[in-house]
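Chains here go by letter, A, B, C and D, matching the order in which they are written, and residues are numbered from 1 within each.
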Amino acid sequence: MTSTSSQALKLQGTGRAGSLGKGVLIVLAAGLILFVGLGLQSTFWLNLAAYTCGFALFALSVNIMLGGVGEVPLGQSMFFGIGAYAPAVMINNFGLPFEFGVLVGMVIAAAAATLIGGVTLRLTGAYFAIVSWGMSGVAMVTVHNIEFTGGALGLFGFSRLAVGPFDLSHPRTYFFVTSIILLLVLILLAHIRSSRFGHALESIRQSRHLAQSLGVNVFRERLKAFVLSAPIAALAGSLCLPFTQIVTPESMSVLRSVDALLAVLIGGTGLLYGPVIGSIIFTVVPQFLNFDANVKVLVFSLLIILIMMVAPGGLHQLIKAAGAALRCMSESRR
Amino acid sequence: MSALPNIVTATAVEKHYGGVAALKRVDIRIPEGSVYGLIGPNGAGKSTMFDILCGITKPTAGTVKVLGMDVAALPAHTVASKGVGRTFQRTAMFSESTVEENLLFASFSATRHNLFHRILRSRVWRADMDAFREKSADVLAICGLSEHRHQLASALPYGTQRRLAVALTLMTDPKIIFLDEPVAGMNETETADFIALMRRISVGRTIVIVEHDMAAIGALCDEVTVMVDGRAIVTDTPHNALKHPEVVRAYLGAEDE
Amino acid sequence: MDLFVQTIINGLILGAGYALVAVGLTVIFGTLHIVNFAHGAFFALGAYAVLMLQNLGLNYLVAVPFAVLAVATVGYLVEITIVRRALYDRGEYGSIIITFALAQAIVAATILIMGPDPLPVRSPFGQTAISLFGFFLSAQRVFIAATSVVVLAAFAWWLKYTVRGQQILAVSQNPKGALYSGINVPLIRSLSFVLGVAAAGLAGMLLAPLISAFPTMGDANVIVAFTVVILGGLGSISGAMLGALVIGLSNAFFETYVSVSWTSALGWVLVILVLLFWPQGLMGRTQINRH
Amino acid sequence: MRFKILATSVVAASALFCGIPAQAQEPVKFGVVIPLTGPTAGYGKDCRMAADMAVEEMNASGILGGRKIELMYEDEKGTPQDGVAAVQKAMQNGAKAIIAGMNSSITLAESAITKNKVLHVNPGAQADAITNQGSPYLFQINNTSTTNSTIFHKYLIEQMKPKTIAYMGENTEFNKAVLDNLKKMLESTDVKLVEVANFEGTTTDFTSIITRLKAANPEMIYVVDAYPARTAQIWKQIRQQGGFPMEAHATGTVQASAIRPAEGAMEGVVTGDIFIAEGAQGDMAAFIEKFRERNKEEPNKVSLVCYEAVKVIAGAMDKAGTDSDYDKIAETLRGNSWTTPRGTLTFDEKGRAKAPNFYIHVVKGDGVALRDTFNVN
């Protein structure tokens, strides 16, 4: 989006500093996870923190398309819903374990993305955004009308939500599992960004024609990005299940994608962990604004408009600008 | 010169936009290793022909063979990855990234590592990175961009940006490079630098230039084709071609006898 | 047989209503390249504007023009403060988020001021129905269809034959080119935004007597408007009209003869099918983007 | 496991330590999780007015040894995850009881959080699945959709005697339960269900659906929609197509917020509910009068069930003498009958309230008139 994306694209591996910087970041992140996981005592905040990690994962999958390829995936909530429905159907209808359901969800999401991407990725800009919204609309109606997905009531009452020995109904474990998965996906995405595939996406985002003239198969790389983002969105859907306790057609609604878009744009699309910052702001801040609900929505929406007007690159750009301003003030005083 | 096999053969190429015939049965032969110019007044169909030759636009009729490939049938990125380099007039580079990152993007078809190689830092990935470091150093040196390596492309002066565009095509080891009005908008020193660059990179390569600047054409091209009103009128050395009566009339309007 | 004819009538009348909602959307996208997710909120504002004027004692038919003016003013204020500063020549997804947040803000404000419950909007045609050769026509729907045809025809004529209209078309095709040829682009842009918003408001106040005024009344109508606009070709007004009739008729036939619960998916399926064969929509311009 | 033991012992110790002496001053907090924004914000408004009124009455009467009751409102925003977050937040902030339940899907998600942890009273949601989960501390004030539908459908079939019925409803769990119940009850009769139309929530016009139902010219039309704005639109469009000989609407969903925007189009439509203002005497008349005077609005079923939820919880806590021993409170709730505006309320083993009677309404003017009364048990 802005010059921030080039800093984020440090040449890992070629320079010593590159991998050292990343190593510090990982240690920092692990420390943060331990601090929050052990520090928080209340079940509400632990569960909300775990849900925020799940939501951040979904925001990361949205940013693969938004920051990565420059397209607005309004229909990404369909994959989120697939990720939520797959384990629910496996547990309630077939008595299979939660972990199996999560994997099935990711596989179905990837397959669906290949089919749908093949169709929608020929479009771009507003056309792609609105048609992918349409896809999630059709998916929502389908799930609404099918019997084994529980119709309008949805699926609920899950006997066991656990990953191996880790029981996700226990808040602290739930937080550690989701935060560690989020960290692993972040590391994966960092590697992707600095791989041949990641560079191809960045070149396509900046100029499709120039990338094509340098031998990049634009359609195939965009499809690979779309098929990569789908299972991550599905994984996020599965990880949000222990929090919501129920899967309803609304999990596929475009409103979920827009929530994630807001989080990504607040955090900043250029920065790899921008969506994580945005998700924290998006789910945690409203908990503190405790005046009338409608006033809260009004204030929060106007805040988003203000942020987007002042810093289209998101808060990340604002922080950097503030940092730069501080630096030049200190210099001018010297 | 003509003994060498032709690297580009376009036969009876036509292109219609709606009713308008932009190109009328154009034939072009470009011998390997030559520096070839495509000139003509505005609206002569140069740019259309240029786009067809490098596979970006598909002709309405006729065949185009570049490096033995039927360019019209293949997708643009395949043509590009098989040794056909090209620069654009307007979007010459990836403006949000540094010069080094621009070259990294351009090395896409030359590298082979996939995601797992990258994660495991495997041999394949390290080989790609070493090859890239070596190649990028050479290309930067040739194009005189070494000291700009870590600068943002958008911060470079115009002339340097044009040289970066050439550097990008060089990263794909092209056997033939198409240059779309490369010296347009350059001052004298920048043009002189650019011509020197062209001379350096034309060794062992074929170069096709679409250009208005007759000085650059004269200095660089072994052979030119002059196009007027969608037809190729003459193909000769720059000096002779410009003396051709029809060319003079097209450029300078009717000669008052 | 008469069920068949009645369904055609239902479809055409429905389509006329959709056209009015959709044209506002396509004008804003066509000229400003902004995807206006706040369209539904302005649709609701129109309904509440006519309601407030009615509470002041104005008759419905008298209140409509004033209400359109009110919504246009709100649109102009929004254009100056937010749209002009943030949205022009910026990537499309900037507009998606800002207009969506704007929609949320307007709906929340409406709930705070007018309360959440649906409020009746009385219209002289509200309840009466006309039967023509045994076929049923709701008076309000006929009024909507008539207004829609008149307004859209006048608008199309204005675009074609007046200077301002031509300037709007020029700006929609090439804002820079228009600027260099002396067109006051900022004025045209705010004019287009205000026109788009006013059309949404007008649609809202015409449909309000049927669906009554409630804060989230815009949502369902905007979804239909998007399908209509994409089907017809983003930015083409005649495309929006054609798209509206196609969706109106297909919804009516599908609901009457096939199944009711899958109708809302029908709109999207149509859009996806059309885009596969005509990426620019039925009437849209193929975007030739010179690199 | 180690964390779990540590956590519970700490909580127990602190409760014990400050249990008795602090009991007198520390206010008892109830978490009220209702829709304050979004399309069903109207229900939230009606519930809040009644709950506030009930708390004022409770605090004035010196119940719970003079400890003040305090209501914490949280917005469920009409989605399961926001409902769950709101309930968890209320429990986190020390709510001793949770009043949550307008939409069945959301209530189901919330009941999974409150199960075996806190007293949860669902005032409005009707899906049978909620109380079928067998959660010991979960109670439901409103009848289940099966109870209401069985009575209402019996009345439609036996009293109004239509030969053919056309059914039209929004595709929700509430509608599915009502439709299944209707089909089951029609099996043993010669009444035929000639047309069924389940429309989506995003439908913007009903002309063609109603045309289709008219084409089958049924004797009765039965509309099932719990959403006021759409109910008004449907009945206006039915009126415009000349209406049907017999007209009925789902029970428990027809309030002034739907009748008023319908501008008279619902006149004469038959429906029913566990509450009616007309002809109310004794406690019910007092409740209605007090509600009108305090809130300047007509009370409806939503305000009634929220009012009763607060009164019943306070009463049970007072009688059981504790605000956190939920086994004792649940036992007290099931063991006693509770006087509420509707007369005496008792809870069965599944926690479902048995209201004494069910009223058949007919829409008249801006409200509903009483046509018949059924005794439930």
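Just so we're on the same page, a contact is a pair of C-beta atoms (placed from the backbone, for glycine too) under 8 Å apart; a residue touches a chain by one contact, two chains touch by 3 or more.
A quick note: this is a predicted structure, and the numbers were derived from the prediction, not measured.
Distance from each chain's C-alpha mean to the overall C-alpha mean is smallest for A. Looking at A-C alongside A-D, one finds more C-beta pairs in contact between the chains of A-C.
Relative to the C-alpha centre of chain C, the farthest chain centre belongs to B. Here the spacing of chain A and chain C, counted between their Cα centres, is 32 Å.
Spacing of chain B relative to chain C, judged by their CA centroids, is 48 angstrom. Taking the mean of the C-alpha atoms as each chain's centre, chain C and chain D sit 37 Å apart. The set of chain C residues touching two or more other chains comprises 108, 111, 223, 261, 264, 291.
Residue positions of chain A with contacts to 2 or more other chains are 1, 141, 144-145, 207, 209-210, 292, 294, 297.
With touch defined as above, residues shared between interfaces to two or more other chains in chain B number as follows: 88, 91.
Chain B contributes residues 54, 56, 75-78, 80-81, 85-86, 88, 91-98, 100-101, 104-106, 108-109, 111-115, 117-119, 121, 125, 128-129, 133, 152, 168-169, 171-172 to its touches with chain A in the complex. Per the touch definition, chain D reaches chain A in the complex via residues 3-4, 7, 36-37, 41, 75, 77, 79-81, 84-85, 88-89, 91-92, 104-105, 108-109, 112-113, 127, 129, 133, 171-173, 175-176, 200. Those residues of chain C that touch chain A in the shared complex are 29, 33, 35, 82, 85-86, 90-94, 96-98, 100-102, 104-105, 107-109, 111-112, 223, 226-227, 230, 234, 261-262, 264-265, 267-269, 271-272, 275-276, 279, 291.
Note for the complex: chain A touches chain D at residues 41-45, 47-48, 51, 141, 144-145, 151-154, 156-157, 170, 172, 240, 243-246, 248, 250, 287, 292-294, 296-297. Partner chain B is touched in their complex by these residues of chain A: 1-3, 5-6, 9, 11, 13-14, 188, 191-192, 194-197, 199-200, 202-203, 206-207, 209-218.
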